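In what comes next, subunit A is part of two complexes: it sits with subunit B in the first one and with subunit C in the second one.
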Partner chain A sequence: MYAPIQEITLRSHWGVIWGTFIVRLKTISRYKGMLLMDILVPVFLAAMPILLGQALSGSISAASSNFEKNTGLVGANYVAFIIIGANVFATVTTSLWLFGFFIRREQTLGTLEALFMSPAHQISILIGLTLYVQVRSVITFLGGYFFGCLLFSVNPIQGQVLLALGILLFGLIPIYGLSFLLGALVLKVKQANSLLSTLQWVVGSLMGVFFPVTVLPVTFQVLAYLFPGFWLNYNIQAALMGLEWFFINMYGHLSILFIFAITCPLIGYMIFSKTEYRSKRAEGIGQF
Partner chain B sequence: MSTSKMIEVRDLTKHYSSKKRLGLFKSKKNTVEALKGVTFDVDQGEVFGLLGPNGAGKTTLIKILTTLLLPTSGIAKVNGYTLDQDKEIKSSIGAMLMGERGLYWKLTGQENLEYFGALYHVPKATRKERIESLISLLELEKIADRTVETYSSGQKMKMVFARALVNDAPILMLDEPTNTLDVKEARRLRKIVKEQNEDYKKTIIYCTHLMVEAEELCHRVGIIDQGEIIALDDPMDLKQDLQENDILSIEGTIPENAQSAIESTPGVLSAQMLVKQINNGSTETRPYLNITCENSHQNLPEIISTLTTNGAVIRNIDKKETTLEDVFVNITGRSLMDDTSLVIKAKVGSEK
Partner chain C sequence: MVLATHKQERIYGKRAWWNQFWSMTKKEFTVLTRYKFSFILSFVQVMVIMFVFTVAAMVLTPPDQESYGAGIMFYSFILFMFLSTALWDIGNSLREEQYQGTLESLFMSPISYFSTLISRILSNVIWTSLNVAIAFLFMSLVFGQLPVENLILGIVVLILSLFVCFGFSFGFAGLALQYKESMNTLTNFLQFFFMIVCAMFFPFSALPDIVLIVSRLIPLSYCVDLFRSTMIGSTPELLSFELEFTIVALFSIILPFLGILFFRRTVTNARRRGTLAEY
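Coming up: the complex of A and B.
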């Protein structure tokens, strides 16, 4: 004789997604000034190389022409290049560490076991979580981009802003996939802060945040082309600054992002599920 | 296995490896046997107590039954579902596992309950109504709109208990639910647990190391020690077996030779030095000599004489009512308090 249990419906799955989204929004709203800091960080990040370039060349325009000459990026305004790069970098790193930090935070709070004990599907929780990050990313990207452009006297509405936003939202999907891998890593080693700090700068270099990846040695260029963060950053720079769509055309570039958007989440989730199963067989997922 | 049982556990074992640290870089792999062939059933509408010292395996067992852990071997069914049907099992259970942890600190108590209600797929309208009644039932009105970070330990504990009830599941698994609650609140929570069983026919697994709680609430108890169920029965029946004999508690200064001499005194069946808490809720303890004898009236003069001639100074003698603690002592030769203190000492030692 089985006792009746709560029925799981499509509507109740949506309840989980929406609930997770709202919980995250409420949480960040209660950390005063956090969103503002999210907007300011990429501007400070961009300011350092921009001012260094100015100091070395004598003026912004001299630095811009040096940058154009040395990188081969015809018509590229190096200030805009760095502002866009820093903002995409900040968004990518937030998204990349999203799941790892989420697991870690929930472990230390003691809510991870409570989440795993509920019948909510992990995918529903993850969709709610990524929905929140998408909203936060758009706000911080636009805020950081416009503020940075105004601060360094660059026209923010040059190029195709809507296309750039679309690329940002779509291009973050493979990054969330990679985020599962880091989540699996945190589940396994419990502490991943030092690794994440190191990886942060590798990611920055492979994305071509402060310089185009063409200045890197060939091996690193190949690695960069295999990293979805590079395509995300380059495509946004191309949309906003009119850089060349070097792989066939714009659709060629978007196709590459599309392939990453399919494969990365699948591989990432598969590895995370395996790690989760191993954790359950060992001492459990909530131990930290 | 019969399907009328709400929980069925057969030969459940759980081994995991841990590292014994031997220095800065050296470590040795150890296999910890957390559960060793545990078997029991829980009937529908029953309150089943899992009684044992800290580290006995109670939480590991509950974690397996809630699918947070996978067993090394053995079979378990919860509400008729096997452990691989984890969604159905999770929907069947309302659990309170990690004490006061497991709440979002930046959310209010009510927001926590709403979120967990959503995670358990409780429809919005039902959720709202249920949360209101839980807040009223647990007298949380004054704190429900405050963020959890401002709560005391006891308030968090009550909110976690409310969280366990939010999905109105047919099975409740409560792991030490009265920890950190004061005496009055603990009594109130036990009353609610009883109501959940009697009025709403919920099946309850209640883990505790407090015998009073197990005796007050449970229809049956399983005493678990070092990963094994060492006794399983109605609390009255378990005590009945010991009631043929008398138990004396003697306080004072009792040297070791007096302790060993008492064991060979005629009529004395067993004697152990144990510790007891001075007041409920206090961490201060007092040692006492626990003596099981055939007949206290006849044996007491001889016992006093043996102790005093061996240098003991007696300050107080009580004839004890048989408790589940005595059952545990009788089976293992140790008290629950001893074991709990050992675990605390070991933890403090490893932290140092």
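Coming up: the complex of A and C.
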């Protein structure tokens, strides 16, 4: 006689979500240096173009005027633009990578098969993970943003700060959807580290991290508009810096993010489920 | 007795050293090129990074300074790539051996540590040099001709700088064996620390005076300044050309020597404690 597998109830769903969330949180709390680097890396990234611009132009104001001339963003503070961009970029890449790396780590440790064959619903595990990334992203975004602003003498509470925070929380939902796609890719390709690192920079160029995408050729601009990361970054920059809401108005921009927030997780989860099912059938889960 | 001497020569002689070095280099190359997907993507990645940072530099610089800005960005990036290789790849490659369970047998066998490290360095230097060449072509095609004022002297300075970088690398490989997983965070931090303090993507004039004091204490800063100014044809910012060249040449001898000493000590300690196989 086998013990009956516990029925999946709402309570057990919540148990799995909470369990996954706590495990990840405890793990990262043991690597404090990693958390500190999450905050410092975007500031280091932002420092490079800021300092280069300043050195080549002679002063911050001269660099600002070059930025205005070359990008058409009149009155925009280029230092704030880059600091916000670098922090959103770091948050988006952490969110994009997390699920793929989670899969890869469990695969390497040899626990992925057991995890996927357990009677817990995949959705609960994914929500637990997503919750963890959400908390980590907000903490590191705020840390990086405030530290960057302090370092480069920018007022961090200019513009609509609460709206920007809301956009960040909501705008990461489509990114999680895309991260499921990457998770599927990791299941399929296995050695996906190099692909993820390359994609990170492609994403960076399409998000308008250090410069608005309008300076890129039209093909790149079209690609950028199809990527939710661009809208997330631009909307936060618009909320904090008062940039123009160029697609109808603010609600137009938020609607686009809303559409992505519905479609991306659905498509991502569907593709991931299919890939996972195929991998299970073809003995591919435990192999790495 | 004759047989023992013969064996000893085979293990420790010059020829044996070359054999070990050649076999290991071949093995490293084989591993590198077997992962074709990663191999090709590494070139794409370099081009994308160069593209992002160069456009970022160009929107902030006056039109007459664009070529100079792109030059600073590109030549700094070359050294940054070699530094990253030095900081990450050698240590990681030894950690990989540790994961695979082959490090202990490798270091307990009567082979030279030096040849193990040099073979890993050589394969990575060749790979990074290929990346640099492709990036140069890409930059010239997309952003126009980069300034190349003194190529021969630039290459000499680059080679000396590589010795400085790989001096760090030996030390980091030792630390990676000692501190294992925790080294990743430290390496990550130091990579960005060097990037800012050694002014790897911008002129030293952009740094505040207090940071400049730290910059002057790090030999890598002189490598960056000397290589960049030689290639672009500008005056070095930190010291005179002669002084910077002397410092770089001196440290290109001292640092690898100190690095190897440190690495040997770490391995000997790990062998004594029996921690070579622990990861």
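Here is the rule we use: the second predicted complex is superposed on the first by the 283 of 288 C-alpha atoms of A that agree within 3 Å, B and C clash if a C-alpha of one lies under 4 Å from a C-alpha of the other, contacts with A are read in each partner's own complex, and residues count from 1 in each chain.
Heads up, the rule we're going with is that contacts are C-beta pairs under 8 Å (C-beta built on N, C-alpha and C of every residue); 3 or more make two chains touch, one makes a residue touch a chain.
Remember, it's a predicted structure, so these values are computed and weren't measured experimentally.
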Quiz item: What is the contact status of A:156 with respect to subunit B (first) and subunit C (second): first, second, both, or neither?
Solution: neither
Quiz item: Which partner does A:70 contact after superposing on A: first (subunit B), second (subunit C), both, neither?
Solution: second
Quiz item: Now for A:202: first (subunit B), second (subunit C), both, or neither, which partner does it touch?
Solution: second
Practice problem: Applying the touch criterion given at the start, work out whether A:281 contacts subunit B, subunit C, both or neither, answering first, second, both or neither. | Solution: first
Quiz item: Touching A:27, do we find subunit B (first), subunit C (second), both, or neither?
Solution: first
Exercise. Please indicate which partner A:19 is in contact with in the superposed arrangement: first for subunit B, second for subunit C, both, or neither.
Key: first
Quiz prompt | First, second, both or neither for A:9, with subunit B first and subunit C second | solution = first
Quiz item: Should A:166 be classified as contacting the first partner (subunit B), the second (subunit C), both, or neither?
Solution: neither
Exercise. Using the superposition on chain A described above, determine whether A:242 touches subunit B (first), subunit C (second), both, or neither.
Key: neither
Quiz prompt | Contacts on subunit A seen with subunit B and repeated with subunit C across the two complexes | solution = 31
Exercise. Mind listing the subunit C positions that touch subunit A in their complex?
Key: 35, 37-38, 41-42, 44-45, 48-49, 51-53, 55-62, 65, 68-69, 72-73, 182, 185-186, 188-189, 192, 195-196, 199, 201-203, 205-207
Quiz item: Across the complex, what residues on subunit A touch subunit B?
Solution: 1-9, 11-13, 15-16, 18-20, 22-23, 26-27, 30-31, 109-111, 113-121, 125, 277, 280-286
Exercise. Please name which positions on subunit B make contact with subunit A in the complex.
Key: 3-4, 6, 16-18, 44, 63, 66-70, 72, 79-81, 87-88, 90-93, 95, 97-98, 101-107, 111, 114-116, 118-124, 147, 163, 167-171, 203
Self-check item: subunit C-touching residues of subunit A, taken from the complex the two chains share
Solution: 31, 33-34, 36-37, 40-41, 44, 47-49, 51-57, 62-63, 66-67, 70-71, 78, 82, 189, 191, 193-195, 197-198, 201-202, 204-205, 209-211, 215-216
